[in-house]
Amino acid sequence: MRRTTYIQAINEALREEMQRDEDVFLIGEDIGHYGGLFRVTRNLLDEFGEKRVLDTPISEQAFMGMALGAATVGMRPVVELMYMDFTLVAADQIFNQIAKYRYMTGGLLKVPLVIRGQQGGGKRYGSQHSQSIESLYAHFPGIRVVAPATPYDAKGLLKTAIRDDNPVAFLEHKMLYFTRGEAPPPDEEYLIPLGKANVKRVGTDVTIATFSFCLLEALEAAEIVEEQHGISCEVVDLRTVEPMDTETVWESVAKTGRLLAVHESYANCGVGAELVARAYEEAPELLRAPARRLGMAPVSIPVSRVLEEEALPWKEEIVATVLEMARR
Amino acid sequence: MRRTTYIQAINEALREEMQRDEDVFLIGEDIGHYGGLFRVTRNLLDEFGEKRVLDTPISEQAFMGMALGAATVGMRPVVELMYMDFTLVAADQIFNQIAKYRYMTGGLLKVPLVIRGQQGGGKRYGSQHSQSIESLYAHFPGIRVVAPATPYDAKGLLKTAIRDDNPVAFLEHKMLYFTRGEAPPPDEEYLIPLGKANVKRVGTDVTIATFSFCLLEALEAAEIVEEQHGISCEVVDLRTVEPMDTETVWESVAKTGRLLAVHESYANCGVGAELVARAYEEAPELLRAPARRLGMAPVSIPVSRVLEEEALPWKEEIVATVLEMARR
Amino acid sequence: MKPVKDANSAGIVARDALQSDSAAAAQPEESSAPASITTDVLPSDAAIDFDVPALPTEMLLEMYRKAVTIRLMENALLAAAEEGQIGGAMHTAIGHEANAIGAAFALRKGDYITCTYRGHHHGLAWGMDPGRAIAEVMGRSDGFAKGKGGSMHFVSPEHGMMGANGIVAAQVPHAAGLALASHLRGEDRVAITFFGDGALFQGVMHETFNIAAKWKLPLIFYCENNRYSEMTPIWRTSSIEDIFLFPRSYGMATMQIDGNDVEVVHAAVSLAAERARAGSGPTFIEGITYRLAGHMAGDLETYRPPEEVEKQEAYGPLAVLRAKLKSRGVDEESIAGIDEEVDDLVDEAVAFAEKSPWPDAAETYRDVFVEAATGDA
Amino acid sequence: MKPVKDANSAGIVARDALQSDSAAAAQPEESSAPASITTDVLPSDAAIDFDVPALPTEMLLEMYRKAVTIRLMENALLAAAEEGQIGGAMHTAIGHEANAIGAAFALRKGDYITCTYRGHHHGLAWGMDPGRAIAEVMGRSDGFAKGKGGSMHFVSPEHGMMGANGIVAAQVPHAAGLALASHLRGEDRVAITFFGDGALFQGVMHETFNIAAKWKLPLIFYCENNRYSEMTPIWRTSSIEDIFLFPRSYGMATMQIDGNDVEVVHAAVSLAAERARAGSGPTFIEGITYRLAGHMAGDLETYRPPEEVEKQEAYGPLAVLRAKLKSRGVDEESIAGIDEEVDDLVDEAVAFAEKSPWPDAAETYRDVFVEAATGDA
């Protein structure tokens, strides 16, 4: 298979879905004439014109609410938030409106839209341009949450997200944008269903359940503990946070007896805590040692390289935690 | 001791702190001339005038941001959100600004302000006026989260919150507003430190850790299971969600070996999941049965009485869960 | 014709720019109402300057029937709320009826509307059934949203009613999105969104003004200016002197009208809809009206003198409509006949709602997601 | 005197209301720039109508020194960014210097300022040390915020600099809160907040306009209009024709000025500060300026022709200041002398920053909360 970048994969998914369905349109800041701050929507205005790729003013509340309105009559807006941190600027429209709209209308309306953009640390963007927001999205019912780690998954999941009749938060990661990976040639269509995890590494001692950029860190950490300590980790890429494929996780824990959940949003009230809680609700008998979770330290991401590294729940922290767990 | 309502207790705390410190002022919608939609700020405009009790337009983002600005130079704003659901309208100012401001400025500034208002279900206000928001506040570092269940605690904790040099979210509950309880006479000052839980009922079989209105439900549930099933619950009122007094909880679990966390915000990525995760991090050896949590069902609160009751994690659900746990 | 402040050739009211310094000088002290944005303006004093064609008597009769239906339903709901049959925050539209009715009759099937928690009049004006509406407010299974949405979330896609909202101004961008859909698809559908005077001070309003004007969306912004935001009069929280002039700065056409007069509302919305369908973009309409009941069920109305309400009652939509009908030669008896018919109809509607079963507890868990994972629109 | 669009007696520029329909008619097609809000307006064409007193040559020299310091620091930072010493989004103020300098010299110690991620010029103009500033941008321990805030979060309470912000327009209500504190305490401090043209379309701007005007806060809204919001020219996303006229609708005094001319900026901000201290409320200033470098480090600037930048260069703050100094009889050599001194100073500042140690990893966990549980201000 050819190799492509994560950005390119997303660009292709958008292009193919726009070709396939006239109701799909893109809306956001600098996405049209410029092609997106991160060039994710490059060339799409040229191909589809100003009625399919809409450059907005810096009005996240308004264009998010407009996406909702358009979606209720069957349009399929794909909204770009330049940084996922701006979720907070449009939070009322996202969580009080989009997530609740179908429910409040007793199922009379549906809201098929995608909110996409990049998040995450590692590039010294500081407190207001680096935070990972998946736990916030997952807290509110009514919105799907997808966070792919590879170009292949990014393309297949985004295509599915656009066709889904529910609102979907599609969370990209700035550290993944220039990573490369295999993907079928453009226009060779494939879809990946939401809510299906993927075992990326087989192992016997500890299950690491993770997604997005943390997957890459977890895979590296797994190599390290294997080489240096002979501990074998199984690494599960959740890919979708809502719905969460706990079945695949429990299957893995059935082998390993140990569960570590890792993500980049804050640990406190995060997806990791949720997975731990579910493990004790749904599969307590599988756990041979206490389940653990890792997330961002309880600080807003600092700019300084040294501090940012310390705050992020990456490789070293995963290694250290796995070692602690294996010792039990 | 005299008995007073929860509303009256809050009103007194505000009045006393405004008398004590000229830098304390109130800001919000309908709070001055009218005295607040729920009459919590009644009579305060008369006593303190228009420069201490500020009636705003419906501009939550602006007045929340203004509170931040004023707080950085030592004012102590107490912001009323008419419904805590409107947290989402001002989410950028609350979570990207207020919660992060001290950190981003490397400790050069502090933000002593209180965001207060009522939340919660039980009165058929529906999806956008009933949700409990403590897990959202707790997810973001940098903001204290207080949720008292009694008039006594409401008064003592609010006074402390106003004097605290950190931003504090002070979460009231609409079902508690007219409840009565003991409290010292007005002007007899007392303060309750943040981060101290309170054992409200002693028991031996299951520890229920909760706060706000769920405390009342938990206490009732404890009576029921005691009477009908001979199961003895210890009920811990956390009172503050951030910082969370896990020590008191672990002390209790050391006796009971069983932990059930209960709150009204969504269960998913909620405070309960967090407490369960911490239990397995900090005190796994105490747990003789899997720790559990209960929160709001994953639906936005419906209006219909029957549906709302079903969605809320109240008495019946607590009873049922305790029975399940005791059986293990 | 109504009194006119002044006008430009396009038939839309215009006026000189606010002279900022003189405006500042004229500012009221915190506690006293200014001359212009005040609670004792009468709807009939609103500036308009376009032809208001006489509507056929038949249509006025239909409008009257609607107005009485809304009024009596609201009264019935207030009574039910007092009995504890309705919880939460229930906002009635008593006094606001003409804004909804005039607009509904001016628009076409296929057009869209979004509105606020004060949305019962829009629902009924747009054709929703009173029985199912009352059932919804009461949380019964025959409610259009199965009791999930309640009073604050009237919705009926088959009537173009795309949702009411509990968050002030949140419905405004939704309507802009509906207008955008129409625009992108090359349809001639128009969207209208209703909001209150208090909603002007929510940021999302402005964001939407700007985008709608720039993109020339087929959208009508309709402000039901009842001079109060809950218990707070608008002059206490803003220096804006004339709401209808204000959105001009975005490059939008605007008008100020008597929102209690169905014929005036009908004419204004017709004009705005015509502009929208012609591709001329959004119009802002300020309908001067008055809330003749409390902000919501249970409001003790300590913030306004009873005389103020009494005075406004005489200019209310029902009074205006009755006067119109009389001037068309409709006799008292015919009017009373309608009143009685509607009274029966509303009684029946209440009875229907009260007999409607409670929803199943299992219903709680439905409608969070569309279950089919993928699908076409 | 500068060209004046027109004026009212208070010495503040005024103009007729936007004629909504004609404005709509003049609307550009999506892809072509309109005549008025366009990228080729020159700062010197801005409308002003008040006396611009000549500032003492000594002060102009000081201002020039500041301007060169900012410019050279920005250049040094761009070089460091290219080397990978700086991450994230670094926005320089190249071309914007005069807005900050003119304002800083017009205000007093004790006044407050908040600004945007594009805030280096404000920081330096307000007296922050370049060495510590560069250290902050590089994430070193000698940064004023110990490397936690970086380029987007300049802050220095001792200089009245109360914070820059990464979220567009979020700093605007903060300044209103500072002005409110001054107002409530009966102090005569003034707050100024800087933001870009793109920030006009964030709802919170408007919410703050309204409250500040109503409460007559001692606040100066300063819009650095550089005609671009990132890579998008303002005319592409708005129909607003003249930014400075727009906030009039809230009952605010407004002016449009050449933001590249320190004397003009100084005069305008002085006037606004006087009004604020006199209790006349907020003023909105539109400083026409131009961003002579990319939106941020690494910007390839494909969205504007190099000729546009060249043309604007001639009207840039440094060119304007040099011409002023020459007309005051300051010779080329003295100017070159300053340039060289500043060059050394900035080199030293860079060296200082590069030698500054990395913060301790333990620092990561500090400053989330004030540790003492309770305390007085």
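By written order: A, B, C and D. Residues from 1 in each chain.
We take it that contacts are C-beta pairs under 8 Å (C-beta built on N, C-alpha and C of every residue); 3 or more make two chains touch, one makes a residue touch a chain.
Please read these numbers as outputs of a predicted model, since none were measured by experiment.
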| item | value |
| --- | --- |
| Selected interface, A-C versus B-C, where C-beta contact pairs are more numerous | A-C |
| Chain separated most widely from chain B, comparing mean CA positions | D |
| Chain centre separation in whole Å, for chain D relative to chain A (CA means) | 36 |
| Chain centre separation in whole Å, for chain C relative to chain A (CA means) | 41 |
| Geometric centre distance via CA averages, chain B-chain A, whole Å | 31 |
| Per-residue overlap in chain C, given as positions that touch at least 2 other chains | 143, 146-149, 153, 165, 167, 201-204, 207, 210-211, 214, 237-238, 368 |
| Contacts with 2+ other chains: residues of chain B | 56-57, 59, 61-62, 85-86, 89, 92, 96, 103-104, 126-128, 141-142, 298-299, 302 |
| Chain A partner contacts - residues on chain B that touch it in the complex | 85-86, 88-89, 91-92, 95-96, 99-100, 103-104, 126-128, 135-136, 138-142, 242, 265-266, 268-274, 276-277, 280-281, 284, 290-293, 298-300, 302 |
| Chain C partner contacts - residues on chain A that touch it in the complex | 21, 23, 25, 51-52, 56-57, 59, 61-77, 92-93, 96-97, 101-110, 112, 141-142, 144, 160, 163-166, 191, 193-194 |
| List of chain B residues in touch with chain C within their complex | 29-30, 33-34, 37, 50, 55-59, 61-62, 85-86, 89, 123-129, 297-299, 302-307, 309-311 |
| Residues of chain C that touch chain D when the two form their complex | 8, 10, 12, 14-21, 23-24, 27, 200-207, 210-211, 213-214, 216, 237-241, 245-246, 248-254, 280-281 |
| Touching residues on chain D, where the partner in the complex is chain A | 30-31, 86-89, 139-140, 143, 146-153, 165-169, 198-199, 201-203, 229-232, 236-238, 302-303, 358-361, 363-365, 368 |
